[in-house]
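In this document, chain identifiers A, B, C and D correspond to the written order of the chains, with residue numbering beginning at 1 in each.
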Amino acid sequence: MTTATIEQPDRGPLTRTELAQQIAADIPPGSYVNLGIGQPTTVADHLAPDSGVVLHTENGMLGMGRAAQGDEVDPDLVNAGKVPVTETPGAAYFHHADSFAMMRGGHLDVCVLGAFQVSGTGDLANWHTGEPDAIPAVGGAMDLAIGAKDVFVMMTLFDKQGRAKLVPSCTYPLTGVGCVSRVYTDVATFDLTPDGVVVTATFGTTVEELRSRLDVPLLAG
Amino acid sequence: MTEIASDPDAALKGVADGATVLVGGFGTAGQPVELIDALIRTGARDLTVVSNNAGNGDHGLAALLAAGQVRKIVCSFPRQSDSWVFDALYRAGKIELEVVPQGNLAERIRAAGAGIGAFFCPTGVGTPLAEGKETRTIDGRDYVLEYPIRGDLALVKAHVADTRGNLLYRKTARNFGPVMATAATTTVVQVDRLVDAGAIDPEVVVTPGIFVDRVVVCPASTELAEEGAAG
Amino acid sequence: MTTATIEQPDRGPLTRTELAQQIAADIPPGSYVNLGIGQPTTVADHLAPDSGVVLHTENGMLGMGRAAQGDEVDPDLVNAGKVPVTETPGAAYFHHADSFAMMRGGHLDVCVLGAFQVSGTGDLANWHTGEPDAIPAVGGAMDLAIGAKDVFVMMTLFDKQGRAKLVPSCTYPLTGVGCVSRVYTDVATFDLTPDGVVVTATFGTTVEELRSRLDVPLLAG
Amino acid sequence: MTEIASDPDAALKGVADGATVLVGGFGTAGQPVELIDALIRTGARDLTVVSNNAGNGDHGLAALLAAGQVRKIVCSFPRQSDSWVFDALYRAGKIELEVVPQGNLAERIRAAGAGIGAFFCPTGVGTPLAEGKETRTIDGRDYVLEYPIRGDLALVKAHVADTRGNLLYRKTARNFGPVMATAATTTVVQVDRLVDAGAIDPEVVVTPGIFVDRVVVCPASTELAEEGAAG
């Protein structure tokens, strides 16, 4: 899918909240969606109440509601990040094999994941830095990466050292191959298409400027 | 997102010739008769039907076969005392039959819904139904490699749906419904009753709505309707 | 398992009812049991009420009760032979993949099946005569054959033409290989052991006479 | 046949050194803490533990690790904010770790319970966790071959059991319990409450009693007990 690029060079980068709003707005009404641990979880706060979006949490639930507060907290009702949550009308519980069969069978419409790196061809690295003293922990990341019809990545485009996280080829250990369809960042949004990486929007920058900072060829939508 | 269809014909719009159709039921228990009748009315031809049996009497699946719309049937147990429609077509060479052990049928349909590419299975090893199939010995036991069975369409009968498409079944009419619902591009479910979202306890949902594309209410036969009204 | 053979040459063969009683008596209390379609179904009639035996029917139920009568008949509650049945307290319903996973995973203690032929090494043929005009139909037979810890066969030892059904090697198409552990017939009971076929009881005949009529070497238990 | 044990120690008789133990729970939700405490008291050593995480805080699974009874842990997500017991053991080289993607963990345990010899799985293809594993392209998609994970013992927490061993779970504490119950030689379940056979609707049973060897009642913590009493 390509759309005409909207360049917005005269504003700053998206805030975290704006980024979450952006993603929420792009999730089609009625979708079944899994939001990864951390930043992606905040997308839920910006879904329209009448969107009909149903949230899946891989630890065994469809129809997950917002975070639990006060008396609502129940240690038996948590999300994938082990944060207490609530249930919505029409929710369903199921066991782990059924939950992951649902993902792996391609039944989720969208999942939103964080990333260390994404390659121009949609490879995802988000589970392990590969540093020798890091304890590896993958959780459901690899299942999510291959399991949804559309995998959206939510990240900053550059790390704290200024290195691009959208790369020709991931240097971190992979989570999944060719699985990402769209990348949402603070300074630009990208569609990863069979023809290449298409810039669909910029925030506080231009396509030209991005071309100078990324090693991935960029198409303007 | 689950759509509530106004009637079985609306629920079955867009069935293409040559489609593979998963049809729930074990004999007549759980057989989605009203949906099958609507499938007959679509006139879709050259269908492959996947179902445990090959029709009973003259109604439902048997009527679909009699209408000449089925090129091939994949099932575990075609021959029954009341499978005369199938028997006649088969002996006349007018329908192709693939016999699959019942457990393989269920597990292969589950595999399609669960994203499994193939699996090594203990059933059928050394029998004619495994002839020509890849085998492997794992930990001293012999297995046959079996592949997923996917449908373009699944027709399922459940007992109650909510408006989110969550399903409850009734007794042994559950049978193939829950796995077939996961394994088709489009899953259409007929139910006895539709309730609001929230009316089904989330702990007891058997098929979550994510697997259900369309629901249509087909009130049960008189006896069942009375039973349902009583409790 | 071997037991001393009990020869009862001075009585007639077991009736169908006696055969079912014999099998019922050998099913350990508290077992999970699947009874095949046809004759094996009648074993249920002879299980002691306090045996705690739980019946499985592969179309999705544990805790199956006796055949339904009158108002109990419910088209949604049938056994594997599509006969209306009842449920017992503590029953459970499940879908077909779960039901067969239960069998194939080896969780049933005993299943009782009819047979066209059984080989001395436990091969079973019970689904297809192989005749050119027969319509093949396997149902759950192959899953049952490999799925229970003990597979008991219930059959007459000779067919109507007087040909033995316990054979060196099955000539009918196989249902399962090396899967039968015990054979109950009208004239004798056999344990199929790694050492060979052990006769554990005779009815209206002797081990010597059986040796003369069977092509399978027989050990006396 | 399901045995009702008098207490967690009686429920855990006969655990051998070197056993593979499947431990239910996702973090603390559904973690069978009282059974794990009893496992510690057995003194069994050299255990392999299969669980989603590697312990939280100082209780339950973390206490088992701290007791030095675990040689190896197979899990999807060891590192958490409160996994200090595991972290220290791992960095000291005192425990072996096998990281398995969460869906593979669940499906491999299911496979063990379902008699599947191995299966081709889409998760992990092209990643370090698939290195050295057999791969195959089926219908244009790449898969990795994964094998079953069996336990000698499964420790599961459920909400309610009946005397036949049929189980109900509570919300997302269900997680790995139902699959682990199917995959071990001996399955031991702690429940909040035990009811008579017939008190659970056969339609809503999640784990049928055939998978349950022993049940022990461990009343829930105060908060839950109050909640339970209220409804």
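Quick notes
Following the convention adopted for this analysis, a contact is a pair of C-beta atoms (placed from the backbone, for glycine too) under 8 Å apart; a residue touches a chain by one contact, two chains touch by 3 or more.
Just so you know, these numbers come straight off a predicted model, no measurement behind them.
Of the two interfaces, C-D and B-C, the higher number of touching C-beta pairs belongs to B-C.
Centre-to-centre spacing of chain A and chain B amounts to 35 Å, using the average Cα coordinate of each chain. Per-chain CA centroids place chain A at a distance of 29 Å from chain D. The set of chain C residues that touch two or more partner chains comprises 61, 87, 93-94, 101, 103-104, 146-147. Chain B has residues 107, 110, 114-116, 121-122, 169-171, 202-203 in contact with two or more other chains. Across the whole structure, chains are in contact as follows: A-B, A-D, B-C, B-D, C-D. Contacts from chain A toward chain B in the complex involve residues 29-32, 52, 54, 56, 61-63, 87, 89-94, 101-108, 146-147.
Contact residues of chain B toward chain A in the complex are 1, 110, 112-116, 162-164, 166, 182, 196-198, 200, 202-203, 205, 208-211.
Residues 107, 111, 114-122, 136, 138-139, 141, 143, 147, 168-171, 201-204 of chain D touch chain B in their complex.
Across the interface of their complex, chain A is touched by residues 26-30, 52, 76-80, 87, 90-91, 97, 99-107, 109-110, 121-129, 142, 169-179, 206, 224, 227 of chain D. The touching residues of chain C, when paired with chain B in their complex, are 57-61, 74-78, 82, 87, 93-97, 99-101, 103-104, 123, 128, 133, 135-143, 146-147, 173-177.
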